[in-house]
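Note that chain A is present in both complexes that follow, paired respectively with chain B and with chain C.
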Partner chain A sequence: MSSKPNKSINLYALTWRLPIIFWQFIFFVGPVLFMVAMSFFLVKNYRMTEAFEFVNWSKMLSRGYFWDSYWYTVTIAAISTICAMCIAFPAAFALAFRASESTRRWAIFLLIIPFFTSYLVRTFSWFVILSENGVVNGILGYIGLGPYTMLNTNFGTLVGYMTLTLPLVVILQTVTMANIDKTLIEAARNLGCKPLATIWQVIIPLSKTGLIIAAIFCFILSFGDFVAPFYLGGSQETTLPILILDTTKSGQQWPRAAVVAIMMMGTLFAIAFTGIALAYRKRKGQK
Partner chain B sequence: MNTNRTLNVILGIYVALIFAFVFAPIIFSMIFSFNSQRFPTIPLGNFTTEWYAKILADPDVWEAALNSLIVSVSTAVIATFLGFCTAYSDFRYNFRFKGPYLALILLPPTIPLIIMALAMLAWFSKIGMSGQIYSIVIAHSVLTAPFAMAVIRLRLNQMDPDLESAAWNLGGSEWATMRHVIIPFCKPAILSGLFLTAAVSFDEFAVSWFVSGLNKTLPVIILEIVQGNIDPQVNAIGTFVFLISMTLVVLAQVFFASRQMKSMKS
Partner chain C sequence: MSAPLVVFDKVQKHFGKFVAVKELDFEIREGEFLAIMGPSGCGKTTTLRMLAGLEAPTHGEIRLNGQVMNDVAPHERDTPLVWQSLALFPFLTARENVEFGLKMRGVDKAERKERALRWLEKMGILEFADRDISTLSGGQKQRVALARSLVMEPQILLLDEPLSALDAHLVIRMQAVLTDLQRELGITFVYVTHSQSEAFAMADRVIIMGKGEIAQIGTPKDIYREPANQFVAEFVGRNNILSGTVESVSKDTARITTPSGEFTVPTNEVRLIKGNKASFVISADLVHIAKDEPKGGNKAQCKLISEEFVGSMVTLFLEDAQGHEFKVQMQERELSKFDLKGGDKIWLSWDTQSAHVLNES
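Moving on, here comes the complex of A and B:
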């Protein structure tokens, strides 16, 4: 990099540097800051008026239903994260250590496709598959089981979350574990470490950073998704995204929706920062 | 050794099950779109193209398809341009506040879409830009620029840093070097970025739904139909949406991978 002569700012440098600054300030920082400001506005006769009042905050945060919804969302997103991490792990382990380089590439290639492919339609498809007379109950019927109610339950919501998060979690776990120095695992084996102990004491600690990042992404995605709890969970329990949706779309109460949104962002930042701090914390005795 | 082989078989089946779970909704949606039953189950009903005939006769679907096309193409161009500028600035220059600068482009995907949707809706109303097709384009380019930036930045990583200086030493201006060296070098990544951002934009529904007003895109139409009841038309529209976005993502990956292969050989 020493051969780069230009540290000075000229027209050329600014041409590449400025577009994103302008664009994101107007259309990203602007909206987010305005949303924060909006949480202090008032709504009178269905019209929003600019003000600086704490009434939205005190109204929302004193309601039982807000906190019910808050803790439900945190809990179900945490359960979703644990499920996705556990379900993905054996698959990622197989792809990272047992599969050939080209199989691994193909697997990741295939998993990237659904991650970017209409989540909404996939959820609707689950809605049909899991319904009372759907495909799953149809198959179970042949072997004399069911029918089971899977929609409008937490199970339904979790199926939706897995649809959303599993491809990404498997990809991140696979890439992380594939990058581990294989000689360290060999060494552990040669020193008499049993396979399961190798996983717990060598592989997981070595891939800690990547695993925590996968978990953070999984939590963010589940925490912020309204489609799975709405269609597959049947809004039996109102999650925070559904609360935002209802408050914005039907109630015209944008400022109160903003309060919910800010609480969500605060929670996500707290969790992400804690996670990242854990991920990069050096273990005792490590340099 | 034998237990090892058994374990491999079990793990192989497990991986296959995961893939089955991930692809089941896509495959079933496609099957259901040709199935005569209103409430599809096993055994399947008769083959029909009724649902396709229905959506093809629906002017709302056509209008939404056109809107989706306009939105995803415009978004792809803007987001990839922004992504390229940022990736190049990051590659070429060191400057103060580089951390916040990069955070500015990389943060949006980590914020839940429903929150971005609310913030965008409120902000666009405030500045008088809500309910237009370009509102969706602007919102989507904020959300997708990081993907283009990441793809192009990875490509620039493979460029010999001396290549640029060599072009300067041979008398090329910075602008000429950009045009004749850097852009050609990044071309596969730029194409990959275009396809990827188009795919993400084509599928996005939360932000589109909030800011689109009456200019609905295909995912917004799907969202509205789904809110009513089970309607197999969704599977027909969905199959169409799947095919387009899968094609875009595959193209994005093919361009991304083609350059990796080349650089590995060299």
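Moving on, here comes the complex of A and C:
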């Protein structure tokens, strides 16, 4: 709200804003505050009791399995981000620079369609494709390869992450690059820049902000995803979301699960803020 | 005369079914300042882009120093272009922008920097070398864009309406900067513009294009005084076009009857045949005005519609009884002697030799 006392509050605008403010407080700020409070509660005889003890924090953060899980999740989410950004780039590049306006519009429409179906359903369809007697191994069998184990591995987890993130990353990258002023690419060519070199010299610097935001989205989605590591990764490795599930199931340890959740949120905040700061970083000499 | 630097040999450019350039046949001489001028969509920018290799000709050949350029990629050409939007890289500083081309050509870091700074100094913007492009003014950006192209030490510099985004007073300043640079460096400038004042102020030769074809090539003076046809005459503006029927033809002159009266014109090289249609132009600055009817000669009575001041020059817009528009250009102090108001009736007159008969085409 306005800090100037002489500026009257616009009641009309406020009325329109109220629902979203209300919603955010009830369903986001409230639960987060409750979760933070809960991380200090105690569990006695499988029942949660209000308290203010640091025992959950010290227990969780001193356990090796927590940190194993933490670094595994950070690493696999980072790998997922790198994979998604690299796989998406050629597609987005082609859509942004080679495709016609109408092709691009159709492609973006088709990329939105996966979001129509539940992510869970899309994940399960991978069973048919990736299992030992699935489609991929069937085809590889014809040329005398395999069968390979793809389900219940890191590879399976990554396939799941790609299912979740790739359409979004392609869309974000395409929109970013399609908005580049094409004259700048021509100017680079005019000044002796080889066609492929324009990607490093001009296109990536110009679309830096959009590319970083696409990467942040990809990391956040992968980091917090439960479905891919649980079903396609087969819980072979415990990611933080799986750890939360395990913790709540074993002995009703909701407070310790809250500790894990707060650690995850802290990490995501740090990554998102660093990323956005990088994306909008002003160069020296800029005012 | 030395061999031409650039030759356009029956060059055509089609975009699908649309013909942007019908057929171009012209030469660019070494060291000249050539302006290509025409209304939007006349193919002037396409012509320039073909020279830079950003568009490939559909038919015909473009030769630079005798070498056919059709299949030479843009990055392998030495034809830097200054863009209408300037196309400076927003993620680089002024100096890094100027260094870009040298970097692409593999010039080492120290030399790159030295050459870039030398050019920024030459353009009078050395103090902004490490500033970001977004913090520079329009005129400063313009100079960075020029430096970025000229640092490559090209034989030929292409300019695509580079001044169209500038304020009027800056345009005049940059025109002087450009002509000085061109004279000093002795390199060829090819300057595309839709502005007659820019083209005529700077160029040694002007090409007027219309609908993908060359309408006229000549010095600014030729084009202004002796437009080749009606299209050029109308495009150049600031002149009076009269059309009618040839009444009689004598040795050097002819009489032409128009709705605005009967006038005597010099025949020049145009062959006039009695009874045929003919048009002629008189430059607006060659028309005299008088309150009283002049005796004899070419004259027309008109009503003053409006005045337009540009600096000390004023253009009068007038209409005769038939509604035909006339334009007269004169010094403002000269006009003030007449004490005219809108709607006043005055007489226009001009010397026979001031008229120029147009080719019908």
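Points to keep in mind about this one:
Basically, the second predicted complex is superposed on the first by the 264 of 287 C-alpha atoms of A that agree within 3 Å, B and C clash if a C-alpha of one lies under 4 Å from a C-alpha of the other, contacts with A are read in each partner's own complex, and residues count from 1 in each chain.
Heads up, the rule we're going with is that a contact is a pair of C-beta atoms (placed from the backbone, for glycine too) under 8 Å apart; a residue touches a chain by one contact, two chains touch by 3 or more.
All values reported here derive from a predicted model rather than from experimental measurement.
Touched residues of chain A, counted separately for chain B and chain C, are more numerous for B. Looking at the shared chain after the overlay, A:L42 reaches neither chain B nor chain C. Using the contact criterion defined above for the overlaid structures, shared-chain residue A:I180 touches neither chain B nor chain C, since it reaches no partner. In the superposition on chain A, contact of A:L191 is made with chain C only, not with chain B. Once the two complexes are overlaid on the shared chain, A:Q24 sits against chain B while remaining clear of chain C.
When the two structures are aligned on the shared chain, A:L206 is found in touch with chain C, with no touch to chain B. Of the two partner chains, neither chain B nor chain C is touched by A:V55. Applying the stated contact rule after C-alpha superposition, one finds that A:A78 touches neither chain B nor chain C. By the touch criterion stated above, A:I87 is placed in contact with chain B alone, chain C being left untouched. When both complexes are overlaid on chain A, the residue A:A258 reaches chain B alone and has no touch with chain C. No residue of chain A lies in contact with both chain B in one complex and chain C in the other. Considering their complex, residues 1, 3-7, 9, 12-13, 15-17, 19-21, 23-25, 27-32, 34-35, 38, 87-88, 90-91, 93-95, 98, 107, 109-114, 116-129, 131, 133-135, 137-139, 162-163, 166-167, 170, 220, 223-226, 231, 241, 244-245, 248, 254, 257-258, 261, 264-265, 268, 272 of chain A touch chain B. Partner chain C is touched in their complex by these residues of chain A: 181, 183-184, 186-195, 197, 201-202, 205-206, 208, 283-287.
Those residues of chain B that touch chain A in the shared complex are 8, 11-12, 14-15, 18-19, 21-26, 28-29, 32, 39-43, 81-82, 85-86, 88-89, 92-95, 101, 104-105, 107-108, 110-116, 118-124, 126, 138-139, 141-142, 145, 161-162, 165, 168, 174-175, 196, 199-200, 203, 205-206, 210, 219, 222-223, 226, 230, 234-235, 237-238, 241-242, 245-246, 248-250, 253, 257.
For chain C in complex with chain A, the residues that touch the partner chain are 52, 54, 73-76, 79-81, 83, 85, 87, 89-91, 93, 100-101, 104-105, 130-132, 134-135, 148-149, 152.
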